[in-house]
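Both of the next two complexes hold chain A, though its partner changes from chain B to chain C.
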Partner chain A sequence: MKEEILRIENVSKEIDGNTYLDNINFQIFKGEIMGLLPLNNHGKSQLIQLISQNISIDFGRIYFDERLVNNYEYSNMRNNKVYLIDKQVKLIESLKVIDNIYVLNHEFDSYVINEKKLKEKTDELLEELSINIQSSQYVSELSLYEKTLVEIVKAITSGVQLIIILEISNFLSIEELINFQKLMKYYTQKGISFLYIANHHEEAFKICDRVCLFENGRVIKVIEKKDFSDDILKPYIITFENREGLKDENESSGNFEFKNFTSENLKGISFSVKAGECITILDINNKGIQDIAEILMGKIQPIEGNINLDHKRIDIIDTHSLLENKIAFVPEEPVDKMLFYDMSYLENLTFLLMDYKFDESIVNKKILKNIKEEYRNIVGGNIEAADLRKLDKKDLYNLVYMRIILLNPKIVFIMQPFSNADMYLRGRIIELINLLKEKGIGVVILAVSISDTLFVSDRLLIMEDGKILNI
Partner chain B sequence: MESNNSSKRFKRIFSKRGMGQVITVSIGLIMLIIVFGFLNPNFFSYRNISNLLRQIAPIILIGVGQSYVLITGNIDLSIGSVVGMSCMISATLMTKGMNPWLAVCISYISSIFIGILNGKLISKAKLPAFIATLGTMTIARGIAQIVNNNYNTDSIGAKAEGFRNFFYYGKTLGLYNTIWIALVMWLVFNFILSRTRTGRHIYAVGSNINAANLSGVNISSTITKAYLVSAVCSATVGLIITATSGMGTMDAGNGYELYAVASSVIGGVSTLGGQGILLGTIVGASIWGVLQNGLQFAGAPVAIRNIVIGIIVIISVLLDIVVRANKNVTKSKSKGKS
Partner chain C sequence: MKDKKVIYLFNRIFVVFILIGIVFLITLFHLIYNYQNNVSYIFLFIYIIFVAGILYYFYKWIYKPYKEINKVLTLFYQGSILMSVFDMRIFFNRETYLAFQKFKEIIDTKTLIEGSKKHAEYLALQNQINPHFLYNTLEGIRSEALIEGVDSIANMTEALATFFRYTISNVDKLVTLDAEINNVKTYYKIQEFRFGDKLELNIDFQEEDLPDILQAKIPKLTLQPIFENAIFHGLERKMGKGILTLKVFVTNKRLIIIISDNGVGIDEQRLKELNQKLRGTSLEYMKEDRNKGGIALLNVNNRIKLIFGDEYGIYVYSKIDAGTDVEITIPFIID
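Entry: the complex of A and B
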């Protein structure tokens, strides 16, 4: 009989009258990869928190390693042997890999640190796992992928039995994801269990032993590996369609050209986009698109290369000059990076207007009033919102994209548009990107995972080692 | 129907940025005035009110400067020293026989230099605001001391009568000029903050510096402008002190940076940046002034006055943190719902 690492039995949890977890039932066995497909984000963070720590619940029981650790009558608030791996790295950047793996570990009980011995131990371990990282490197010198590997090793050396992997394809490239999943498989053979939370069933089906569908704080279905198929999910998920399909690259010679760009990680890449067209640059080993994003944000300067818009060369580069030249940039998970939570909806919507459309120093109340009335038809009553914190994520994404539409740029670069978005939000983002295209705005999507980008893209460019591949 | 309209109007007023806290603090101010009025009937005398307003005016000015800086998410500790520097430079030059108005210009220029230095050290050299302005605080105080060889100045003399009347003793339309200066400067800086692009940029930098950067806001220029306003306000207060005493004193403005923080924070300007309005700074400065004046009337020693004001500042900051924490809870809840 299989041993259980986690059993959640009839668990419900309410916060301030809202039910976040509603009669949850599922178990994870030792050495198993259990998938979790959240159709929306309601209750997802509460479930992760509940598995990690025995916080109070309103109903049900939780068993960890076959012991009752939490029930509706008493919650001890202790942490379970669970580790969460997500984009937020929980390592100490200013310390070395060995310090993070062994010294900052509650299993480490020596007062004096024998660095030589620890280094040998760490090197041996990393070699066994085929991880090519120097143990004496500082964490700050590692890439995000390498940090993720160190985190998983650290978790296991500290005795963790269950690892929650949260939407990892949002920040690992296809190549990195394959290697990471190999490491997961290796650890399952050692009895470690995983809860693999992913936004796409295609991704979860590849790696998981079972998958549960999660919506509005409820587990609505558990699917066994033998039943994995697109058909079984049809009643539960929305399918998106690309209205036009991918076009041949030769069809377009663009009015926006990114020519021969070279930086530390870009090896002379060139591409072009036409008005109303959407292209996706898929970086399969996550080495180039960060550089494109940083060039666009003015954080780094390219070694060579130029940008032409309508055959006119643009001397960038900082965000200000980009916007002056009608080029906009939407970062990954833009609601926290582009919005001002101390300003009203209307102030956020019109923020770029005074600088880049009307070039006025004094706020023109008449213009604001007209915009307010025009956009009331599109965004409804939200236009009156004084506090953005009360809006949901879908409304905030609307605001981000409406601000861009109002600015009417010629080109928009969007970094990983579907990152951390649930199914319904992804549907809305697809609509918003299509709206940009309808307005005649060229769209360049920068992505490390194919995700839903094909539903909006007219062309797909593959980037490997900083070069665009000819396919 | 009418009550519906008035409730809508009330909601609209409350929903304006920072207005909620201003209204709350204003109620506190009114209560303080009533209490002190009952304790001492002379509190409401024309003479006391007039003096009280003149006493509050410099605090409003430095409060306005500090509010600009706090809204960008920074702090200006050099305010008091810039006040002292402006006071000493203007007084020294006047005692040396320079035309008072030329001395005023030189005082403004030197203070503006400190403002620009603060802005650039923080935005370009990336020094923490606390450290950068601590440094310029010492530099400005050093200049205040060195400008007259470590001595307070002699009297600025009869030639500066016009200057003294303009900044302190003179009256226009029955009100002391000091009050008019504070009022006009407040109106100008309030307009800039609430109705101009620069104002929006200042709020944007304090609210979310990364978003401001992505929106093409020139962060360095915006932060420097805020420190510039602070320096101009401080220089004006230094000139008011010169006009008041008729001489330059090296320790003029000592501790004013704390009064500036107190008036801003009591008035609802957030120490975390991005929030607050200058109407609140007037109310905050008024609470400071009324407390000082009222407690003095009630015979409370200086130490007690300081303790009371200190407690009020702590409560105001705590309120700000609690309100922000609640707002963030709302944000995470809305995230959970989506």
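Entry: the complex of A and C
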């Protein structure tokens, strides 16, 4: 007999007249991994919030562990025994692992702390889970993956019954992900349930017992494990087309070369990109691409190695020199990092352009007018927007990529382009990257998960332990 | 509904409260401007705490429950809830509470069930045909067919007779899931004569508690109308093979039955409206044209909600060209 750990029944939630959850209905059984594939992100964060805390709702009922905890009539605002694992680590960096697990814990009620005993207990626990972390290590010394493991252990020792895993493949490498999922499986045996939110069905199908599709604040389909197949999803998803497929590298040198690059985590990597070509560097254990990003931003200097552009050696000192050398860099989730929401669309579009192309702070009005007319054809009326607050994500991504196109670099590095993007947005990003390629710009995608990168890449390079593997 | 143009009692009460509040405030200002020594300073302090306390309790004890009751009553007149209105957490006063209980008695679930039942086609059938005459005739056809050696006709007549016997007899009682599923199988058998290989029925259980599940009690004729719906609205217009699946989950408290078809599906807007209707107990549909699709769902949904309460019922998942899943939730009862 199954037990329902969470039951969401006909729940509607409106905020300021916008319906975020629209008569949503689903349940999670005890000890199962329920997948949630958001086809779009509308209502996703509200759903996560609602599962964690009993905030007021406009209609419906929520049961946690078969008890009614929230209904339209009365919401007690209490927290449920739920823990959210996402990129934001909720541990205290300056404390040890053991303190994070036990001391900052509501379930831990001893007044006298026997440190030795506690340490033994923790070490035993970590060993049982085959997690290779010392309980006396400080959290700040751990990698993101290790922090995530500590979080999960902490959550479970504090009596949590449901863990929400939010788009974890965006920040864990393939290898780490496999180990993490093993740990999840282990805990399901102990009756812990998971809500596994992922953007890709291939990822969810591998680990989940059931998967539900989420769109416009509703669950539109629940799929059982035995029905998992690409066919069953076909009516629900849009498919992206790969124009050419992967190609072999036919020339040894291209326009842009990374030669023998070595840094703390990179061990002599070399690759080259031609104009209008897109390559993906897939970092299997999440050890190298961060270094590439930091070198490009001028944060760290490589120990050894050259960057050649059109057979000319270039040095990167800071972001400014990056642009001068016709290299652009798009960070992960660029709409949060590259845009100024108080400035107008045009100002955002021409930002950086002024410094670098014209070497003056105010761009000539005539030029501005020309740019405006040129880009109106592509982005439409948005170009008139006085600030960016009313624009949706798709338009913001347009803006980011249009800015790059306007700068006309020779090569663009894109860090995890598809992270945190729903299905429709990913389709748009694919179009944008293809646009970059059409303009003759070389594209290097740095990624830890393969995601949709294969739809745009001409070549795939796999990096493991800071080395590029030959395939 | 016509809105009455008067000042309602509770509006009056709030006006009085606001007036009292103003008097308190005037006293406060008076105290602030006229304080002379430390004693009045302390008094002022106590006074402010006192007023703040009253305001807090006014908010928590009166204003919030008032809003709550309002919300429930609004949902009630909008048709989203029905019986739940009688189990509000707080009532205005004892008399309203008793009055509500009286309403509950007057409305009486049974008459409503009767009302929703009346709509169903099987009752119309019962009124027109003498059931025993029908059974006897069907049996007659069957034996005639057996004598002539036409087994297919005999089987079909037998299925039809079994189906009618189950359908026409006493409908307002609970039956076991087993009996319901058998009825679905009989119905499928009849439909099979028409659709042949085009139709397939799969029944799927959690194996570990099979006997338990089959003994669960559910309202009679809950499943068959939904299968009928799935066939006529989902599969009939579909090209290729139609697959019907019945899945049952059971938890400590609930029985969850999912009936899926791989038919044409329902478009998003209609689905939204349908689910909206299904979450409330509306008797409106009885006045509408009965040939419109989806009535079977509303009818079964209303019966479940009237028998077991607002938190049980039907929810539909669907997408054009992908098929439809109908999820029925009822309490898990064995006795």
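Miscellaneous remarks
One rule holds for everything that comes next: the second predicted complex is superposed on the first by the 461 of 471 C-alpha atoms of A that agree within 3 Å, B and C clash if a C-alpha of one lies under 4 Å from a C-alpha of the other, contacts with A are read in each partner's own complex, and residues count from 1 in each chain.
By our rule, a contact is a pair of C-beta atoms (placed from the backbone, for glycine too) under 8 Å apart; a residue touches a chain by one contact, two chains touch by 3 or more.
Here the structure is a predicted model, which is why all the values come from computation and not from measurement.
Aligning the shared chain A places chain B and chain C next to each other free of steric conflict. After the superposition on chain A, the angle chain B-chain A-chain C between C-alpha centres rounds to 110°, nearest 10.
Using the contact criterion defined above for the overlaid structures, shared-chain residue A:Y20 touches chain B, although it does not reach chain C. In the superposition on chain A, A:E264 makes contact with neither chain B nor chain C.
Looking at the shared chain after the overlay, A:F329 reaches chain B, while chain C stays out of its contact range.
Which of chain B and chain C touches more residues of chain A is settled by the count: it is B. In the superposition on chain A, contact is made by A:S344 with chain B only, not with chain C. Once you line the two complexes up on chain A, you'll see the smallest CA to CA distance from chain B to chain C is 18 Å. Interface of chain A with chain C (complex): residues 1-4, 9-10, 22-23, 25, 27, 29, 59-61, 66, 72-74, 219-222, 224, 232, 234-236. Residue ranges of chain A in contact with chain B, taken from their complex: 15-16, 18, 20, 40-46, 297, 318-320, 322-324, 329, 331, 336-344, 347, 351-352, 354-356, 360-363, 386-387, 389-394, 422, 425. Across the complex, chain C meets chain A through its residues 68, 71-72, 75, 80, 88-89, 206, 208-209, 212, 247, 249-254, 256, 265, 272, 275-276, 279, 311, 315, 317-322, 325, 327, 329. Per the touch definition, chain B reaches chain A in the complex via residues 15-17, 195-200, 203-204, 206-208, 210-218, 274-275, 327-328, 330-331, 333-338.
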